[in-house]
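Paired with chain B in one complex and with chain C in the other, chain A is shared by the two complexes that follow.
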Partner chain A sequence: MPDEPPIERRPQESERPEYPDAAQRPRVGVDTWVAEHGERVQRGPLRRAAERVPGWARLLAFVAVAAVFPIAVDDEYLQRVGVDTLIFMLLAVGLNVVVGYAGLLDLGYIAFFGFGAYTYAIVSSDKYDYHWPAEATIPFILVVTAALGLLLGLPSRRLLGDYLAIVTLFFGQLFVTITNNSTDVKLPFMDRARDLTGGPNGITDLDPIDFAGVELNSVPRYFWFALALFVLVVVALHFVNESRTGRAWRALREDPLAAEAMTMPVNRLKLLAFAFGAAVAGVTGAIFASLQTAVFPQSFDVSLLIILYAMVILGGTGSLAGVALGAIVVNVLLEGLTNTDDTLPVVGETPPRLLFYGLVAVGLALIVRPWRWLAVAAAATIAFGFAARLVAEQWWERGTAGRPSQAGRIGDLVDGWLLFPRDPVDIGNYAFVALIASVLVLTLLRRPWRWIALAPVLYLAAFVWENRLIQEPSVTRFILLGAILVGLMASRPQGLFGTARVEIA
Partner chain B sequence: MDVLALTPWDDWSIFIQLCVNGVTLGSVYALIALGYSMVYGILKMLNFAHGDVYMIGSFLGYFMLTSGLDGPMNLAVPIWLALTLVLLVAMLGAGLLGVAIERFAYRPLRNAPRIAPLISALGVSFFLQNSALLLFGANFRTYDAFTLDGGVLFTKGIFEAWGKDDAIALNLPLLNMLVIGGAIVLMILLTLLVARTRLGKAMRATAFDREAAAMMGINPDRVIMATFFIGSALAGAAGVMVGMLFGQVYHFMGFLAGLKGFTAAVVGGIGSIPGAMLGGLLIGMIEAFSTGYLPEGSKFQDFYVFILLIAVMLFRPTGLLGRADIAKV
Partner chain C sequence: MSEPERQNEQEGQVERERERVLELRAVSKSFGGLRVLSQLDLVVHDGEIVSVIGPNGAGKTTLFNLITGLYRPDAGDILLEGRSVVGLPPWKITQRGIARTFQTLRLFLNMTVRENVMAAAYGHTKATWLESMLRLPRARREEREIRRLAEEKLGFFGERLVGYRWDQPAYSLSYANRRRLEIARATATRPRVLLLDEPAAGMNPNETLEIAELIGKLRDDGGYTILVIEHDMHVVEGISDRVVALDHGVKIAEGSFDEVATSPRVVEAYLGVRGAKEEAA
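Up next is the complex of A and B:
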């Protein structure tokens, strides 16, 4: 990308920094946000054209495409993925209010989602024998979760960002603990011990949402319902963000102290952000509960939180379109990485393999310049592979005894030069640890050595993937997600679509 | 169990038992909290991956203690030496892991917006947790395949082990005593290190003002690295101890322990070393006593700890021993 603003250009190793402490100095005056709004940044023609499209047109285009999705795709699994994606998008835009607009690190967000889901379960199942109509349930959940958000915000309002993170993280864990353990509880005001939440077995057999005479009894209907809600939420949040409150939130995010000095009611603003985020999460929880027809504590654990943060961060905090896009990308990625059953029609390969090699290629393309070196690196890797294979055939009989575990075109391609040992689990584990170490070392190496080491490391990555990671897709996807988060923070902390801000100390 | 079935006056032996449990747990939390607190003191950042370093430490201890051992352990060296060695190696491993995390995940973000290192830490935590799941599997690894020193360490009370079981009808397991003793030794060493050595002085100076320290010829990178090494080594030690104490290790154990360690650091006053010790002890005691004396305490220990956290946040936001930071504009 030739049009990158100057702040993102990494210094070449050959260049000596101007000052010995250049890396440590605050980069005043090269803030992307400032530069963009002073129109000092030249964007490429594509990006400029994309930016000229107004927000409502983008939303409309998305809705138009999304609305026909359940009709065009006649596959229950894919439709379900679509609904899940919408749920994640709703959660992500809700979290964006707290993290992106107001800059508060809320790590208990999932608890509001769970609270909404459990509230729905309580008022619409046989467990307590309430069967409220959805027209009443959904506003009720909206109010209750917003109130819970306020309540959690109350003790936190005096706190600086970091303390807030701990209180909310603990709160999120507490939600799981309480729902998990309230099976046989006798509290001081109760006459006997009762089962409040069903514990790990959850609450099952929930009523489907029956909203304004339309019963949501099929996946496409849930899809449209979630889509309508998404549009509603996005439009509402857009206007909130453009309002006085929204501007105040941004001021609070940039500098709470200065905001307070400007007589902004900092505490009230924080509480408001919490309540907004919580309300969105609560309503989404109701849809989620009704879609699943059951709620379980383990659906609301900390891994969901990290997935959500990955969505918001990847998209770029603060931008509605960004976080929505982030939610789509991350959820499709996570789903794709576990879908090992089907081979995609055109390319003749399973999604996990494509995604893995695609991610490696994209990662390399972001780092390697000029791009012709990519081809060299690939060729060197394959050459290294053939050499390794030759050596193994002579000395290490076990190393070539296995086969690729999944069929597919890439599987056939790597079969010739990758080693496939018999019983690859242990070897794969050691190779995995070696891979982490060698990738880390690679980032430390200087120019010629980095190039020389690249091919063996790539080879090792392919080896670990084909022999070990591909066997454990549900774990692998989280390992990759964690690695992506760390890598993204190191290379582009503002996310893919966000703008960089520099804190001036 | 009836609500508030017990008060300490009913049965003092239970009270003492709970005290022992609380102090044991508390000293482990204190060890974890120290790492959080030290890192926060210097970098002003919450190291969410700390709990997972602790988890890796406990796995290291587990593999060293169980490798090739089934049945009563026959060692060429005395048992105390073996345990010390295992502890030291696990500390070294965890310390190196901490240094690597700092070097690769946090150092590039020194001047990034404040939220960036936190997110990176979440990513590291997620990565470590799931890597452990991949490498070690989802099952709990239990220690019960072997009994150290003829089982004395795990089952017998301290008085029994010393042949004086008629002295008092209490089960004070030797292992608990070892954990408490080990934690106290480590904390004394840490306090001496921070108070008496050049490195400790450099750490205090860097925590006070990194730029000024750099001008005085202190290399902040090296000090930060040392801080991460020491903090992570303490977490690794805590991991080995907990693994032996509860007899099991698993990939997700770091999260809850990390959360408690965190809370301990905050309750005691984050950035303060005696504060972390006090906070850890306090939380361990609350957990232990809630199982005995509070309504539904065995299920909702976390809830009572949370109440403590909220109370401290409300009435003393800087923590019990923390000092208020005055923001300069």
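Up next is the complex of A and C:
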């Protein structure tokens, strides 16, 4: 069009007035700058340096450290904790495929672990007198549990989210019920009713794994075998996750409908994820069974599932390194917290007590700001304790008659400060209920009153801990684990190694 | 090529008989007692840009959902390149060559920009999980190819979705960029037909203009046949070879933009009977 009026042209980039130091000036506000700034703020220098280490180097470093563990540590109990940790790590990376990659809430996962263990028990014990070689057993278990995973994954074709969780939980419980009760079963091809699973007594006297000429006859050998398997599984899962299959899993986790509209056969991919998770759990089950030389139904109940989920969530769902780390942290914590007898070498205190006071201190430091208020709160608590002690010495003779139930430096410190009643069980129980109530009340109070109430509540917490909780390590460890999880989820909802996710569209 | 010239040329092309890429024959769909689409016939020729307009609830998005297999029509047939796609699952239909974007954006928000596009290449890659696990040659080669494909598709939008953007999560994108990413993702499935559901919704006037140009470019450079739902009449006027107006699931007008925009039934559908009378007076 020839006689169009000339359009006023915006000055081009090159025509704009240029500052002499333009190259040095940060291009504030430019898209790239904003993105880079976000990275800088979210990740500190340490974190960014750590991220530059490639994945294979991290795995190699872990393997190098882990491989010498059974040599360096000569204590059979600790070596056993090591094997258990590896078993949990394997289970966690397997569960991560289903929950972390494909986003399917599978609460029946433990059934695959149990199924693998029982399959191993059936083909390698006197009960059926099979005694298969491990070279055949392990691939067999891999295939059978994967097939079971496909079968139990079928409901995932129709069920979404919570509904899938309920159905898979049912399958998980079904496994425990079946193994518990199959003591008198007549299948069509059998002439008479037989005991299939040994019921609550389980199947015992299993053969140790004898793989490629190496018999796993000691705990260190199990450790190395589990470690080798872990490395294989992690590498395999990493490669799959980086491929079209892994991308499709993550896509269906994000938006199944969009994934389906973008050429991904969603139902098939879900089944594949179930099969992957199941196969890893099944093989792990075989190691577990052979390590224990026996299988029992109660090893595969919901409490194990909860611990496993705690590991995966704490580590960060979707991250292989994260869930493995979560497994290490949780299992070592749980083992360490049962130990109320031995004090740790340098600090001279038992792990549970150290952890409890540490948690309280860290919690206070995070919540109470500024610092001088923290000092005031600490001083007030100490003063409150001595005052309470003084009053009790006058009026309540029983209240100071006891002693700390455990040795240790902290125990010595609190001896003259806390109240230690004679026969603390019932008083301790009431105080525990009072503590829960007072913590709830504390969250409801307004400013000045909250500060005033803080010191007595802290004192009460120490009282309950020293007089009651410390004597029940099996309960206390779960209370502490719960507290750690709550704290972590509040500050880092994506877990230790997870990447932050957004749910909003 | 200036705007009017291009339109003249397009009109000339439409008159010639070309391959029918997408064809709907008497397609009907009801939800309970509500007839959302009834007896709809629609033909989209090769290389054509056809706009579907109509007031809210006219059945436009349902039409897209039927074509892509999210719903199954109660009656009628849907043909892609002469073959029926009715009853196929959505992923298979997309593999055959119909890709879509969503009116309410449905990106894989927690995946990176590049991964979003690479994921959509699932349909035309063949490596099994076992090949990927062992990093066999085919898996590695395909991985390289779709990586290049993704970068190429993202490059279609100029500087916006390239470079440092590749590795950023999709949720960090602005609204307009998310719409662009959806289009890039759809094209990565290697479709013949692109269905765009309100590509300009929620965009500012500049971005709207740009999207309109982009749709033309998608046809001219990308070679896609395009069916688009759009509310912005300027966009519809600017891009369409042909416009189809729907109201209550019935086709009330079809033809060039001017024909449809001046059709009394279309005016009535948008403005109501009284409004239409006032408009005429």
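To be clear about the criterion, the second predicted complex is superposed on the first by the 417 of 505 C-alpha atoms of A that agree within 3 Å, B and C clash if a C-alpha of one lies under 4 Å from a C-alpha of the other, contacts with A are read in each partner's own complex, and residues count from 1 in each chain.
What we mean here is this: a residue touches a chain if its C-beta (ideal position, glycine included) is under 8 Å from a C-beta of that chain, and two chains touch if they have at least 3 such contacts.
The structure displayed is predicted, hence computed values, not measured ones.
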Touching partner for A:403 - first (chain B), second (chain C), both, neither: neither
Touching partner for A:194 - first (chain B), second (chain C), both, neither: neither
Partner chain(s) touched by A:173 [first = chain B, second = chain C, both, neither]: first
Greater chain A contact set [chain C / chain B]: B
Touched partner set for A:247, first chain B, second chain C, both or neither: second
Partner chain(s) touched by A:447 [first = chain B, second = chain C, both, neither]: neither
Chain B versus chain C as contact partner of A:236, first or second or both or neither: second
Partner chain in contact with A:303 - chain B first, chain C second, else both or neither: first
Partner chain(s) touched by A:468 [first = chain B, second = chain C, both, neither]: first
Touching partner for A:257 - first (chain B), second (chain C), both, neither: both
Interface residues of chain A shared between complexes with chain B and chain C: 257-258, 501-502
Complex contact set, residues of chain B against chain A: 3, 40, 44-46, 100, 103-105, 108-120, 122-131, 133-135, 214, 255-256, 259, 262-263, 266, 270, 295-296, 299-300, 302-303, 305-306, 309-310, 313-314, 317, 327, 329
For the chain A and chain C complex, residues of the former touching the latter: 1, 32, 35-36, 38, 236, 239-240, 242-248, 250-251, 254-255, 257-266, 272, 499, 501-502, 505
Touching residues on chain A, where the partner in the complex is chain B: 21, 23-27, 99, 103, 105, 155-156, 158-159, 161-163, 165-167, 169-171, 173-174, 177-178, 181-182, 185-188, 257-258, 302-303, 306, 309-310, 313, 317, 429, 432-433, 436, 440, 443, 468-469, 472, 475-476, 478-479, 481-486, 489-490, 493-494, 501-503
Footprint of chain A on chain C - complex, ascending: 2, 68, 70, 89-92, 94-95, 99-100, 102, 104-111, 115, 118-125, 127, 129, 132-135, 139, 142-143, 146, 163-165, 168-169, 171-172, 185-186, 189
